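The following block contains the structure, expressed as structure tokens.
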Amino acid sequence: MKEIRYLWAINEAIREEMERDGNVLLIGEDVGGPGGSFGASRGLAERFGPERVVDTPISEAGIMGLAAGAAVCGLRPILEIMFMDFMTVCMDGIVNQAAKLRYMFGNQYTVPLVIRTPAGGGLNAGPQHSQCLEAWFAHVPGLKVVMPATPYDVKGLLKSAIRDDNPVIVVENKALHAMKGNIPEEEYLVPIGKADIKRSGSDVTVVATSRMVHESAKAADRLEKEGISVELLDLRSISPWDRDTVFTSVAKTHRLVIAHEAVKSFGTGAEVAATVSEEMIHELDAPILRVGAPFVPVPFSLEKAYLPNSEDVYKAVKKVLERIL
Amino acid sequence: MKEIRYLWAINEAIREEMERDGNVLLIGEDVGGPGGSFGASRGLAERFGPERVVDTPISEAGIMGLAAGAAVCGLRPILEIMFMDFMTVCMDGIVNQAAKLRYMFGNQYTVPLVIRTPAGGGLNAGPQHSQCLEAWFAHVPGLKVVMPATPYDVKGLLKSAIRDDNPVIVVENKALHAMKGNIPEEEYLVPIGKADIKRSGSDVTVVATSRMVHESAKAADRLEKEGISVELLDLRSISPWDRDTVFTSVAKTHRLVIAHEAVKSFGTGAEVAATVSEEMIHELDAPILRVGAPFVPVPFSLEKAYLPNSEDVYKAVKKVLERIL
Amino acid sequence: MSELTKGEFMASYRDMVKIRRVEETLMDVFSAGEIPGFIHVCIGQEATPVAVCKNLKESDCIATTHRGHGHALAKGIDLKLFMAELFGKKNGPCLGRSGSMHLAYKALGIMGANGIVGGGIPIATGAAFASKYKKNTDVIVCFFGEGSAGEGTFHESLNMASLWKLPIVYVCENNGWAEFTSQSVHMPIKDVADRAASYNMPGVVVPNDFLEIYAAAGDAVERARRGEGPTLLEVKSRRWHGHFVGDAQKYRAADDIEGARAQDCIARFENYLFSNNLLRPDEAAALDREIRDSVSQAIEFARNSPFPDPSELTEGLYA
Amino acid sequence: MSELTKGEFMASYRDMVKIRRVEETLMDVFSAGEIPGFIHVCIGQEATPVAVCKNLKESDCIATTHRGHGHALAKGIDLKLFMAELFGKKNGPCLGRSGSMHLAYKALGIMGANGIVGGGIPIATGAAFASKYKKNTDVIVCFFGEGSAGEGTFHESLNMASLWKLPIVYVCENNGWAEFTSQSVHMPIKDVADRAASYNMPGVVVPNDFLEIYAAAGDAVERARRGEGPTLLEVKSRRWHGHFVGDAQKYRAADDIEGARAQDCIARFENYLFSNNLLRPDEAAALDREIRDSVSQAIEFARNSPFPDPSELTEGLYA
């Protein structure tokens, strides 16, 4: 095992996969010499040269379509979209092209393509640099969406994403970039579509993603001191998501809280809640509560008040424990 | 009362509002002389001239940003995006600009802007011309989203949208364009945010949107013959949506089915289901079922098999009636 | 650009006539309600796909548009496969999922028509990127209309292609109309090719003439193959019919339609072939009969082919 | 373009120095951790905002970018209001919701900085559309960097503006860098202004010199006001510091930074004023003291202003 930062785990994943497969390349704004806006690709251009670590113009729509075209021709591009908010400029390439090419062309093509993109708040970067938009992509057939919450997961999931023959969106969280964690010295993968049981518990299931996994863990610590036993699941993949693990947990605890940083309304938590109330409502002893951001843009200076946190998870858990059916 | 087609009701709404307010204008591809790709603006260029009915280049992103800029400067643009699938090319202007301008600039500006866009299948137009993407926009604070299902509602809601000081997305359904219905001779509005109780019933609540309202009505007819009483709600507005009317109905019937044409997973139905299981799970006597499209792009020739229909609603209702908690 | 042999002249003529016959037949068949969805025919524009694709190898790729029948046929797709897809049948190369508007055939480098105007331009650019990356000599041709030159992807793609000297030829078929809107209504310049200067690439304008297109495309393809980068080639093409089949063209002046028809690229090429003894009228007639036959057969084939089964609806979404 | 009076020369000089002092102070204050988020300073580029805005009326609008402090100050925003917003305070014009990157002030036509590169270009174009629609004489200036000229919105907007002869001036401040990437890495041409030809509008290149910018912008603004349409004006500007405050510019050669500093637009203008007896060194020194004072006061004001209350978080989302 070794300790590594989240950001550097990304770098290692890309580096290892580029070593392994000459068709893997990294493309995006400032990803080359400068090593990326957040530094995730530091050293890669030196190692692999400008043909494989490609600095682009500020043309997200163009790069996205270009990556899709390169992917159907046998390359395996990793595309960095500097902030998830900028996905808005390249939705067509993702949604109408990359996601659909395989199916609509009768499975003639594969589209092995990864979009890495940092989401979320924590940098006071304001309304156009802090959004969590994963729900959009989960709604699009043909895409996969993962949201690693730890250095271990980001390395393992990013490597899986690069090896996947489908377009995968890897949503990083900017607030996690500096986080440290342990990873094995040797190579490993984390499978797409598998949740991680962060802690076992019996009173309530908390399903969380990305930064909210850590906030939920804090809440669980606090709740534990009050004698409340939380089972915490890190969903890790949003599309596909691990229904089995969630169902098994809810069948055990009979109570469910879902926590994500994205705006609560019409967020991914709604799908989890809706699926549970579709498939196993009879198992529930309490309402399903969701923790998410309020229905406003991320304000510059009130970011802290805006972002959902462990207190919100704590309160939601307390509430589902109070309100017995 | 007079009988009118859905498409012509759109035309009337635009015409009346342009008569009423000189700052209202229509802008989009082919909307001028040609009267629009579907004919919704026929005659308007003749009536109001090319300054107010503006044919544009094929530049959705540009037009969208332009409309936002014009709106903050006091105009009230109605923008036609020819197919909802093309919203992918102008997401930034909608999501990062129009939706946020007011809030992020500290309420200095208003953004009175309407995007009219036809969604859905029924024309065998294939994977890039048939999508229902309303869930994306409902997830974005600052936008309003309506989905009128009848000639009456499309006229009334479009007029309300034009008078609204916020960006409103009016999602038409192409399969409804030819539909006939009665509307008053005199002027009327339909308020944004109010559901319509299409029929009262006692056994199960069906919450539907757009084309699925009619499919659900068909299912309700069939169920009625079997002695099952359906309360059918047309949500009409997705954001904001009418929680009160839904809650009241569910409190009465204790069973809920939600039906939309969009892909089921991560669709708007999830939010309705999640909200109900958050706020009133104790009222439910059965799982909440959702009817929506399968998780694939809309295939060209299998469109009919793809599209959710009255049979699907029928089956879902039967299922919630079987599975008593 | 290489000189054409007599056989190649004949083959080019045959391809152009084939495209026209296919499109004429499709207009009938579509109007009779046999094909669902929309179709956009390229009658009047047949010279471009054929003259351009005559410069391509099988492994070269093309990306095309909603008006893409001619391109796919010129690149060599089998008529029966083509028709089966247009009819939405299970044995179409896209399993009936794409129809006319998204037709693709990987085996011949037909990377897909595109329902999104401007959507194919960066994809083609990506294919050219892959070609260069893999150090092979494949050239990509990206077809689009003058209307598409209004989209941001046009700008972004040409900029990157030139920056990286990608092996691609951008072929703008300027038929003067974007749906129901004429060029002057949506563009403040006459020649799309003028935009090449924005990207430091050659911009070339040619008339709707097989020989001129063939020569200009040949230069551009060779340039691309030599690694010297992209070219923007504009053909002043003409659309005879409506935007889609069924469009009555009420927005269009009669003399504009007549003018388009008067510039018949097939008649022009035929005259050239006749007067240069490269083709005899009787050969032309024989060819036409042969083509009509094969078109009929393809239609029959498509008609009689099965639709995909609803049970296959969710197959193959992910690899 | 009108001749500047002595007073206007002085005022221009004062505005340029003010912008520089504000930016210098912000660098310190930001580095000390007093301001959250990111800030992008425009030191080295002060001539453009001032020279351009000197041609504008109060009711004319500007749309700007992440590097927008200079534009807002040149358009006349009160220093205290400005600082309060940058500090995220409740009494900023955007209630502390925008900070530096999205600063807007409607009262003076400052339509907003934009966190999305290229995002402001169509918005400015829309403002120009509104001006023309309402038949008033307001002109809009759209500022952006050469990096932004890679976005599709640049292309789409300029096309429409020229097509409709909108009263707008596109001012590209070409400082040679887009974040950490130099122009030659992302653009195959030298002068962004060359792209004007794609839209049939005038393209003008000027150096980082107040007088030349003032004259060229004046012509462009007048042209726009006369209803003759847009101009693309490129200023060969220079960025002295990093992309954002805190960027150590490791990617940048020392002589590029020195070259930028050597081309100091303020020193150049100062020399001109001194040698033409339009300003005396003692006047300059007095101005500078005055400016430093007001900047300090504005910082104090912002420091001591309250943050918005969390209870106001959800206020005003909809009108």
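Here the chain labels run A, B, C and D in written order, and each chain numbers its own residues starting at 1.
Operating definition for what follows: a residue touches a chain if its C-beta (ideal position, glycine included) is under 8 Å from a C-beta of that chain, and two chains touch if they have at least 3 such contacts.
Note that the structure is predicted; figures quoted are calculated from it, not measured.
Any chain bridging chain B and chain C, meaning touching each of them, is among A, D; the list is complete. Separating the CA-averaged centres of chain B and chain D is a span of 40 Å. The geometric centre of chain C is 45 Å away from that of chain D, both derived from CA atoms.
The mean-CA centres of chain A and chain B are about 30 angstrom from one another, to the nearest whole unit.
The set of chain A residues that touch two or more partner chains comprises 56-57, 59, 61-62, 85-86, 88-89, 92, 96, 103-104, 126-128, 141-142, 294-297, 299-300. In chain C, the residues that touch at least two other chains are 94, 96-98, 102, 114-116, 119, 150-153, 155-156, 159, 163, 186-187, 317. Judged by the touch criterion defined above, the protein chains are all mutually in contact, each touching every other. On the chain D side of its complex with chain A, the touching residues are 36-38, 87-89, 94, 96-99, 101-102, 114-119, 147-148, 150-152, 178-181, 185-187, 251, 307-308, 310, 312-314, 317.
Contact residues of chain B toward chain A in the complex are 61, 85-89, 91-92, 94-96, 99-100, 103-104, 126-128, 133, 135-136, 138-142, 239, 262-263, 265-271, 273-282, 284, 286-290, 294-297, 299-300, 325. Taken together, the chain C residues at the contact with chain D in this complex read 150-156, 159, 162-163, 186-189, 194-195, 197-201.
Those residues of chain B lying in contact with chain D across their complex are 25, 51, 56-57, 59, 61-75, 92-93, 96-97, 101-112, 141-142, 144, 165-166.
Listing the residues of chain D that touch chain B in their complex gives 61, 63, 92-98, 102, 104-106, 111-112, 114-116, 119, 121-131, 133-134, 152-153, 155-157, 159-160, 163, 315-319.
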